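You will see two complexes here that share chain A, one where it goes with chain B and one where it goes with chain C.
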Partner chain A sequence: MTPPLRFQPADFEPISAGPPTAAPSRPSLSYWQDSWRRLRRNRRAFVSLAIVAALGVFAVAGPWIWPRDPAAQDVDQISQAPALPPTAAIVDPYTPWAGVTAEPPADGPRWEPASAGPSVTNLRLAEPATTQAVRLVWDGVEGAAGYVVYRSVYDPAPDRALGLPLGDTVGAARVSYEDRLDVEERRYWYSVVVLGEDSTERDAYATLVVEPVRAVSAEEAELRGWVADASRISPGDTIALPYHPLGTDYLGRDLLARLMHGARVSLFIGVVAPLLYVLAGIVVGSAAGFIGGRVDQLLMRFADFVVALPFLLFMILFKVAFGIGPGESGILPMLVALVLLSWPAAARLVRGQILQVRQEAYVAASRLLGAKTGYLVFRHMIPQTMGVILVTLTFAVPSAIFTEAFLSFIGMGVAPPTPSWGSMANEGIRTMLSHPHELLFPAFAISIAVLAFNLLGDGLRDALDVRMRGRE
Partner chain B sequence: MLAYTVKRLLQGAATVWFIATATFVAMHSVPGDPLANQRATSEEIRRNLEERYGLDRPVIEQYGIFLGSMLRGDFGISFTQENRRVNDIIRENFPVSATLGILAVTFAALGGILWGALTALYRNRLPDLVITFLVILGISVPSFVVAALGQLALVNLNAAVGEPLLPVAGWGTLRHMIVPSLVLGLGTMAYLTRLMRSSMLEIADADFIRTARAKGLPPTRIFLKHQLRNAILPVVTVLGPAIAAITTGGFVVELVFAIPGLGRYFVTAVQQLDYTVIMGTTVFYGAFLVVMVIAVDLLYGWIDPRVRLE
Partner chain C sequence: MDAQPAPRRDPVTRAAVRQLLVLGAVCVAVFAGLMAALAWASSITGGGSAVHRAIDFETRTITLVLEDEPPQLDSTRSTDAISFRILGHVMEGLIRYDASNDLVPGVAERWEIRPEGATFWLREDARWSDGRPVTAHDFVFAWRKVVDPANASEYAFILYPVRHAEAINTRTLPVEQLGVRAVSPRVLEVEFEGPVAFFDKLVAFGLYFPVREDFYESRGERYGADAVDLLYNGPFAMTRWVHGAHVRLEKNPHYWNRDTVQLNTIDMPYVTSDTTAAVNLFKDGSIASTGLGQEQLEEAMKLRWNLGRYVDGSVFYVDFNFRPERPTSNVHLRRALQLVNDSAELVNKVIALPGYQPGVSMFPGWLTGVEGPFRHEYPPPVVTPDHDKAREHLAIARQELGDIRPLVLLTDDSPIANKQAEYYQNLFQRTLGIEIRLDKQIFKQRLEKMTSGDFDMVAAGWGPDYADPLTYGDLYASWNGNNRGLYENPELDAQVRIAQSSLDPRTRMDAFGEIQRILIEDAVHLPAFERGRLFVQRPELRGVVRRTVGTDPDYTHAWLEETP
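Take a look at the complex of A and B:
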């Protein structure tokens, strides 16, 4: 038998608050502080964040630092690979050349009918080769009817053709040729073939490798805007030409400038489109989640329909339906099409989150304590869903960049001459075999941006996931 | 099960109707005249052409005719290629796209499961790190870049060998199909590898694996019979969307490798404003995707009895 309980008035006195047994050793961290701390500890995500920031600087500040018009053509440097700053030698204005007439050396080879040879000997330059003119001289062949001069940009190995036939000379004594045909600063193989008496070409040839030096006259340099005043330079000087650090494309446009302006377009679409459609998704999703019932069913069924549309086909259809007027870049139609087709995923996500949070005990407790709907939304619902939304947003950026690049690549994206990474890759693929840099730079930019946003998304997901707290 | 199938098919039919309507609305709000590049030289010829394609009727009536003939499986006559039926165009070009897509999906699924299982097996060791790096690369490099680089590599490979090992472009024999389907499947394979890896690691901690180990089963048997088979299930769920992405995303590969598939045809049709071909192709693709997703869902219920189809 337990004795009956007896309460004294003293039992109902409040207990005095003694010294706390254990005080928290560190200040408490808010959700976002904790997430930031964990993101910073994730090295991969943090490097990605730095790359994303660098890309932002590249797009925003780049065109200020490198103020070159992305549409301006440099016709002297077309499809130029990345190289050191080009220079040009100042020379005297072009003067006609009379050429060289010399009898073939008496002890030299003689032309014989019915033989493959002989070829000319001692093929040489009459004066240093420049882009103004390449002047060739050789020792003639006795009995030749003339000579044919060929030019090639490849080594005429035995099985290769000699290249472009530049012209021919008449008579065995006419032993010079002047090439002024669009000479560029690159390596050329000049070949000279002997013409027989019946004007048939012999098989044998002599080849000379020539690397012309880029040269302009002072007047021409001023005309092209390379120097301010022609009278201040004289033949023998060297001037610097417009520099393209990443080279130029097939129209001679500066690749670095195009890459920077392209970053503006690609990243603008890549960031703004997800922002807009996630926002649309939040509106639709929270409406469906809060109101519920008929409205919820209607909105979600509509979302199901939109998800079922073949995405890329409809991107193209909508792009065409909105049309691009003359002089427009086509960025706006692409944004609208992206938002129209992409909101359902975000809406479903937000709706699911809201339905889930509504069930939570702390929301019920808050409501029990008299919290109004507005307070519930801003204090409990939005902060709870914010993390998930942020992660969705981060993962939506690379897919939007992909979509833009894809559409521009098949020629359905931004209209030329507006550069975007996708349209640059589209243009670069045409010259892929001879000038791969025109494809590789934009492709690299797209890949780096997508990679950085993907890894950042991974890191954010790990950092914002509340269940990961304290598990490090 | 039967009730569920019927319900899904009805939903699918509604979805196809929605796709058709959206296509119709989008097409009829396109600025520009579909007869502009035709030989509508005089008013009379134009009137005749409009009558032939039904463009002279009110839009709502055109919509009715469009839905009606679509129900009978007739997508009309092409605007740019005279007397060519859209059905014939689809019949000729879709098998090419489908072959490419099936090969790509097969390659992606097999590769994804294999690499995913390998990375899980060698967790945090060299093979895992290498494959994970390649996977990140595969997800981040756009398909057209992969296609272009694949073609470039092929050109150089053929030049190095001295004889055409594999054709650089075109379609016809199995040799033509290898590189394009590899390129097309690569992105999906990377995605599936990632999925398979996390799925394998999750299963590795499951109770039944511990039980199997406690019973003293050989590790190979546990790996193949208990872990791998269960880990494949989540991969099956994403196969539907993967097939969708691959078949409609195929047109870049078709463009780069000059493959006469439906995707390439669609791009040309859009450029030429060929109304009937655009609408027919879109509705056909949409219906195809809906059927694929339903099929994968049903398949999933059959593979995994725990999933209740309702």
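Take a look at the complex of A and C:
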């Protein structure tokens, strides 16, 4: 049995405010400080953050550091793989040759197996071979209807694999040929075959190994801006050609410069579009979640409706509606279409979060204590949803980058010559087998950007999750 | 200071790696299984025919790839190369080309061409694929259809040498007035508008093929829309046409000259214009022949292929729009563009395909003049790139036009057209500061926009219809429907009239020389290139004829030979 309580007057004396019994042993951490600490611990996420920052620098500052025009065509270095800086010998300007270039015969040559017959002899160079022109002469065969000149980068022996038929000459006396077709600084096997009376080939052939020297004329070098003054260099000199660290594309455009300018387009869409539509999603979602009831129903059904709209169709419609003509950039309609059609996902997430937070006891307490709506939203609701919003944003960025790449890939995005990673990949895929670097670099850039943003989003989700607070 | 936890190299990581490896292996296995299942499924549904072999000696069948689907096969309305290639195998005109590109009797066994007209005597054994004879009336019906304005054939002008054809096509005369009639079922009488120097070459062209009236009427709108909606009189007949997927030609048992046709079946179960895909099919042994693009050259050399080459006769150029509201109607602007254009650089550096020749004129190098090559007899005026002079012309153009707005360059979306257009875009921007906007369209849409005049410049091309310079020479005549920029020059028109009506080769070639001079001096277009083609073909397939003019490639006289 409990004895009855007995109160003494001293029990009703206020206690004095003495010194605190125990001070916190460690500095207190705010939510953001704690999140940042955990993000830094997550090595994967932190590396991704560094990559994202580097991409930003690459896009913004890159074109200042590497000020090459991404549209400038260096036709002497088309589809060059990454290599050391090239040099070229200065030669006299190109002048038409008295010898023969190709003469297309009126009746095409008959494509039949070669028959036995004589070969041309004494195949030789009329003058030193340069990348400007390779000039061949040979001793003809009496009674020949003409000759065919072949070029290969492999030895034609032993199976008579002559390579590319460059052209024909008509008549037994036409014993010269000038090759200017994309001559590069590499080893070529030139072969000449006799065409018989019946316009079919003879099986014997003469071969000459040629290694052209890269050469330009002083005038051309000045015209292209490689040297300031043509009169100060003379044949025999060597000049440095423009250097392309990542090689060039199918029109001789510098891939590094194009990647940098492409990054601007890709990252612009990738960052601005999610920012705008996540913002729209926050507004709609918090309105729906906070007001609730009929407004909530209406807004969410509208969101469901927007989700059902086909993106590509709307993108095309916007393009038409904006009066974007052929050859003009489709980036603006892409942005508008992305913002107008992508907000519902963010809106749903925010609404769900708000609905949850609204039920919390501290919100109810705050309301009982007379907090106004604005205070409730900005003090309690938004900070509680911030984590969700940030994670949505970081996951929206790679998907927007990918959408831009896809649309530019199918030709709906930027207009040439403006590069974007997607359009560069589209251009590169045509030469995928012969010049893989044209596809690999933009594809690598897209992959890295998408992966980095995804991993960063992953890390952020862990870091911003309040339930993970204080844990490793 | 916070202590950094030691990096974890604990069993958890190892377990994760192991999991990852297992997962990867499972993925690969599932993928492989799926592929095998798909292959098995397709072999069942395909009924064994899914595996196409390039060449089958037993059934004398060859398998090929078709670049594109023909829009339809009504010969009176055809315009594109694919249609004419198929029509050339399943139809036959009065005269045809043989294996060595000479004109030989087709449905007509003999003919006589006079300055005022021509007579064709049809062979008795020419038959349609339903066994009924080909008569002179079938030609009269077809030719009337071509010029009938209600039929709206884009190629109607090719029949203009026939009396009243132009008047009928422009609705001034009824179609019955056309200068062609069947004297008897086997005699066709043609009246000319004026003398024609090359009528025998003309009648070999697809628009002059016969059409049988009762069959045409029985099919109505559907004539030429499907394999069963056509009647054939050529060496082959189409037995299968799955739109967009498969075309099969089989030997026509009723063809009068069937004994010379060696192949039984030409099967085209692939429709793709992608040369990479076609070359892969060739490598797999699925097709007997294919063309090559620039991307496949290295590989072709590496695989040590024996490559064939021929000139397909087409000339490519940039056309201007001469409608007065367009900046390109200004001659100084065109001169400026002409003076910076360097077709040798375009061909040698950018396109870089063997067989392509830098464009210098509307008249390609393979054309024959009076005796020798036309180009030797009438060398085109040489335009050397001169940037200073170009800027002078541009300054005058700026004075006359004010500021020059960005010009729209209409172009196809093929890889070569893309390169060409982007090359020009940079060239004109760099040298003249003129901004170019590219309007890339598919071939059909490009033609439509050309016809409606919706362009400033257009990268276009022209293939020969018949082996005479006139096939190029009349393109810029003010009345020609293919003069899409509406160029009008009485001086040029007069020369075209001379070339059309004269019979004297010298006079005609002089006229063409004049036309060539006007086209270059007035900067009517910018020549780009003359096209050559590279192809690779199975050595067992012999006797395929590649042509500059006429059906190309022509398998009519092809045969199969087992290589030793």
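Following the convention adopted for this analysis, the second predicted complex is superposed on the first by the 342 of 472 C-alpha atoms of A that agree within 3 Å, B and C clash if a C-alpha of one lies under 4 Å from a C-alpha of the other, contacts with A are read in each partner's own complex, and residues count from 1 in each chain.
Operating definition for what follows: contacts are C-beta pairs under 8 Å (C-beta built on N, C-alpha and C of every residue); 3 or more make two chains touch, one makes a residue touch a chain.
Treat the numbers as computed from the prediction; the structure is a model and nothing was measured.
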Contacts of A:T431 with chain B and chain C, given as first, second, both or neither: second
Chain B versus chain C as contact partner of A:L455, first or second or both or neither: first
Contacts of A:V52 with chain B and chain C, given as first, second, both or neither: neither
First (chain B), second (chain C), both or neither touched by A:I78: second
Which of chain B and chain C A:P310 touches, first, second, both or neither: first
Contacts of A:V320 with chain B and chain C, given as first, second, both or neither: first
Partner chain in contact with A:M300 - chain B first, chain C second, else both or neither: neither
More chain A residues in contact [chain B versus chain C]: C
Set of chain A residues, in rising order, touched by both chain B and chain C: 411, 432-433
Interfacial residue positions of chain C with respect to chain A in the complex: 5, 100-101, 276, 295-302, 304-311, 344-345, 347-350, 352, 354-355, 357, 364-368, 373, 387, 406, 408-410, 413, 415, 419, 421-423, 425-427, 429-430, 436-441, 530, 532, 534, 537, 539, 542, 544, 546-548
For the chain A and chain B complex, residues of the former touching the latter: 304-305, 308-314, 316-318, 320-321, 323, 398, 402, 405-406, 409-412, 425-426, 429, 432-433, 436, 439, 443, 446-448, 450-451, 454-455
Parts of chain A lying in touch with chain C, wherever the complex brings them together: 41, 71-73, 75-76, 78, 102-109, 111-113, 151-154, 159-167, 180-182, 223, 250-252, 325-328, 411, 415-417, 430-434, 472
Residues of chain B touching chain A in the complex: 11, 14-15, 18-19, 22-23, 26-27, 29-32, 136-137, 139-145, 148, 151-152, 155, 244, 248-249, 251-252, 255-256, 266-267, 270-271, 273, 278, 281-282, 285-286, 289-290, 293
